[in-house]
Structure formats: C-alpha cells, structure tokens
C-alpha cells in the first residue's frame, strides 16, 4: 500500500484550504492509515520598521530544490514507518494569511506520522534552496530569515 | 488576538475534509499566525481474527469528557505559546477510512504549534472518557484498545 | 442516601444498564465489591471509577447524591 | 573552459543578473574572490556555493561546464 512515487512539490501562488481538503479526501481509500499529521506554513504580517508584511514572494533554485525534496522524501520513508507523504511549497506571491507550505504524512500509528512530519518541516526550512522576499505595504521589501 | 473561548468538541459521525478546510480557512484572517499543526485520526480496517473492522462506534461520558477537553485546552494555552487551538472528536459511527479526531493548533512559530498539537493528542488518548467499539464485517465487535 | 451509577463501554455491556442508583454504600471499595458480586464478569475486566467526574485512585468515601461512573480503559481518537 | 553561474535571492539583486558564464576559474575559492571584486556588496552578505546542485563546504576545484550556484541563506516555508 505504500505510495512512494514522487509528485510535483512546487505550486503557483498560495495553497488553498480546498486543495488541502482534496488531499485529505484522497487518503480515505487507504484504510490501513490510522493517523495523519499536517503542517501548514502561513505567511505572517510581521511588522518591520513600522511597516507590515503584506505578502512574500518565493523563488527557488528549482532543479536543486527538487532533488532535495526527493532526498528528504526517501529519507523519511527510510527512517519512519509511514504509508505516504506529500510536500507542497508555493512559488511566486503568497499574501499574509495565506498558506505557502503544506507537509502531509500518514502512518498506521500516530507517532510515526507526527515525527516524520516534524523532521520533514525542519529539513525543508534548512536544506531546500527557496527564498522568501517579504513585501511591505510601502513597497519596501526585505529577505526573509528562517529561525 | 488569542482566541481562548471554548467550542463544541463532539461531532456526530465522521469529520469531513470539507469541515477541516473550513476550519483552516477561518484562520486566514489571523495574520500573526505563522504555523498550523493538524492531527487527524482515521479509522483503520484492522484485521482481527480474520475479520476486518468496518467501522468504530464511539461513545463518551460526555459531561466528564467536556470538562477534560476544557482542562487540556487551558493547559495547552498555559504551557505553549499558541494563538488558537481546536479539538473535534466524533461520536457515533465512523467508517474505516473516515476521520474521527481532529486536533488543530496555530502559533507564531512552528515549534509551539507542533509541540502543543502532539501534547493534546497524547492527553486526549489517555485522559478523555471516550470508547471505541470496533465493528467487524461478520457483525462481531470488540472494544478498541489505545496504544 | 442514594448513589447514582453510570456505566460505560464494556462495563455497560456486562451490567446491561447504563444508569441506575443504589442505596447506602460506604465507599468506592465497597461499591466495587458489591458490583463484582452482582456482575461476576466485571472481575475479569479492568475499570476505573470516577466520583462526580473526577477519577479516583484510592478508596473514596461516598456521599448522598454522588455520581459514580464505571470507566473501562479509554479508547478515543 | 566555461563555468555557468546562477545567482539567487539577495545575491542576484546585487549581481543584477541570475545566469551568466565565466571562462577559466581554478576553484570555488578563486571564484568567490573574483565575484567579491566585481560586486563588493557581496562581501557584506552571507552566501553558500553549490556545484552541480551539491552544496560544497570546502574549496572545490571547478571543471568545464560546471554549474555554480550562489545561494544566500534559505528561507522557504
């Protein structure tokens, strides 16, 4: 039952709640799944020098990022008993309040799903060549820093 | 911005992906949120003595469960920097492949959302008086055990 | 004196009822003995006791109008 | 010999281009020196180097047709 085939990670613009619902629905036929863990990254309207972030514009070194996503995927299946996993990351403009990252892991038991999801999120933040440029409401911008 | 008011936890039957999407959508106006962590418990079609589980029927000691959900909620806000949290649990019949538990935490930073979500799931499994009766396809049944 | 008893899950299957009351019972230890005498199958299963929605671990005195819940191991989620 | 250079994020803002090539360069250390001479603002920011999509930490020899990417700190998610 495990679905290890890869899929397109990058999506154009924000990730919609309807897309997430659709992704959840597709797993109802995999009846050996007992637990899903989902992580959603949402763009914050941080205040920087008195200006609010209104959106983040994401760019990536696509070829390298795609190799890295695949490596993270393979490592996740290697190190955790998961049945399937999906990663979606936005490119282009994502407004404050919208979702730019969606990590989805499924397993028989909750601990595997939860631990794998957290590991994948941490690795994406650290290892995948994607950049976010924070756009302010006065047309200024600055490069996002990951914590 | 933190939304600590309580809400109805128990829902009748399965929790639908559309309900989850709607719940996610409602957070797009809370623009200080940077991370959501979601846990979904899905009913497995475990094989028991050669028979598959086709559904779980959930019952609860409602009054005590509701007090316990409130206590877990208050502890989560006390121990983690979260902006909001929601718990939904099914009562009644939930078929294999359908979702019976939905825990949703949101925070400025991912670690708070992820840790709070995991803590809440563990406490629900251990401390909340809810029982699942696994119904087999030959009309047998047995009481679910949490691991 | 009246103690209200609630039974859930497998306990309710054994007792055949979910909600009844008993007259004077000194404490939860005595109640457990009485229940296991009336429903011997209760001896073979594990169940906890909550008094007025609070789980109790030691033997606890019972008072008039207390609500005693018989709780098999939880299996929510 | 031709080395292809890709620049991203803040590095691309400084170089004003995202994709160009340079003739002979011995290794990544020498390339870094050359770039910082052409674009002095690069000295004030942090950036990593990937050769053919692999991050390198030490100085690495460059070969014909290598693709060298200049990568400021990642900030995806």
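Order of writing sets the labels: A, B, C and D. Residues in every chain begin at 1.
Everything below uses one rule, namely that a residue touches a chain if its C-beta (ideal position, glycine included) is under 8 Å from a C-beta of that chain, and two chains touch if they have at least 3 such contacts.
In this text the structure is predicted, and so the values were computed from the model without any measurement.
**Student:** If each hop has to land on a touching chain, what is the smallest number of hops from chain A to chain D?
**Tutor:** Graph distance in the chain contact network comes out at 1.
**Student:** With chain A gone and nothing shifted, sort the other chains into their touching clusters.
**Tutor:** B, C | D
**Student:** Based only on mean CA positions, could you tell me how far chain B sits from chain D in angstrom?
**Tutor:** The computed centroid separation for chain B versus chain D comes out at 48 Å.
**Student:** Chain B to chain C: how many Å between their CA centres?
**Tutor:** The computed centroid separation for chain B versus chain C comes out at 27 Å.
**Student:** If you average the CA atoms of chain A and of chain B, how many Å lie between those two points?
**Tutor:** 22
**Student:** Which residue numbers or ranges of chain D touch two or more of the other chains?
**Tutor:** Within chain D, no residue contacts more than one other chain.
**Student:** In chain B, which residues are in touch with two or more of the other chains?
**Tutor:** Those would be 41, 121.
**Student:** Give the pairs of chains that touch; include all such pairs.
**Tutor:** A-B, A-D, B-C
**Student:** Note which residues of chain B are touching chain A in the complex, please.
**Tutor:** Chain B reaches chain A through residues 17-18, 20-22, 24-25, 27-45, 96-99, 106, 108-110, 114, 117-118, 121, 147.
**Student:** Going by the contact rule at the top, pick out the chain D residues touching chain A in the complex.
**Tutor:** The touching residues are 6, 8-10, 50, 53, 69, 71-77.
**Student:** Sort out for me which residues of chain B touch chain C in the complex.
**Tutor:** Residues 41, 58-61, 63-64, 67, 89, 100-101, 121, 124-133, 143-146.
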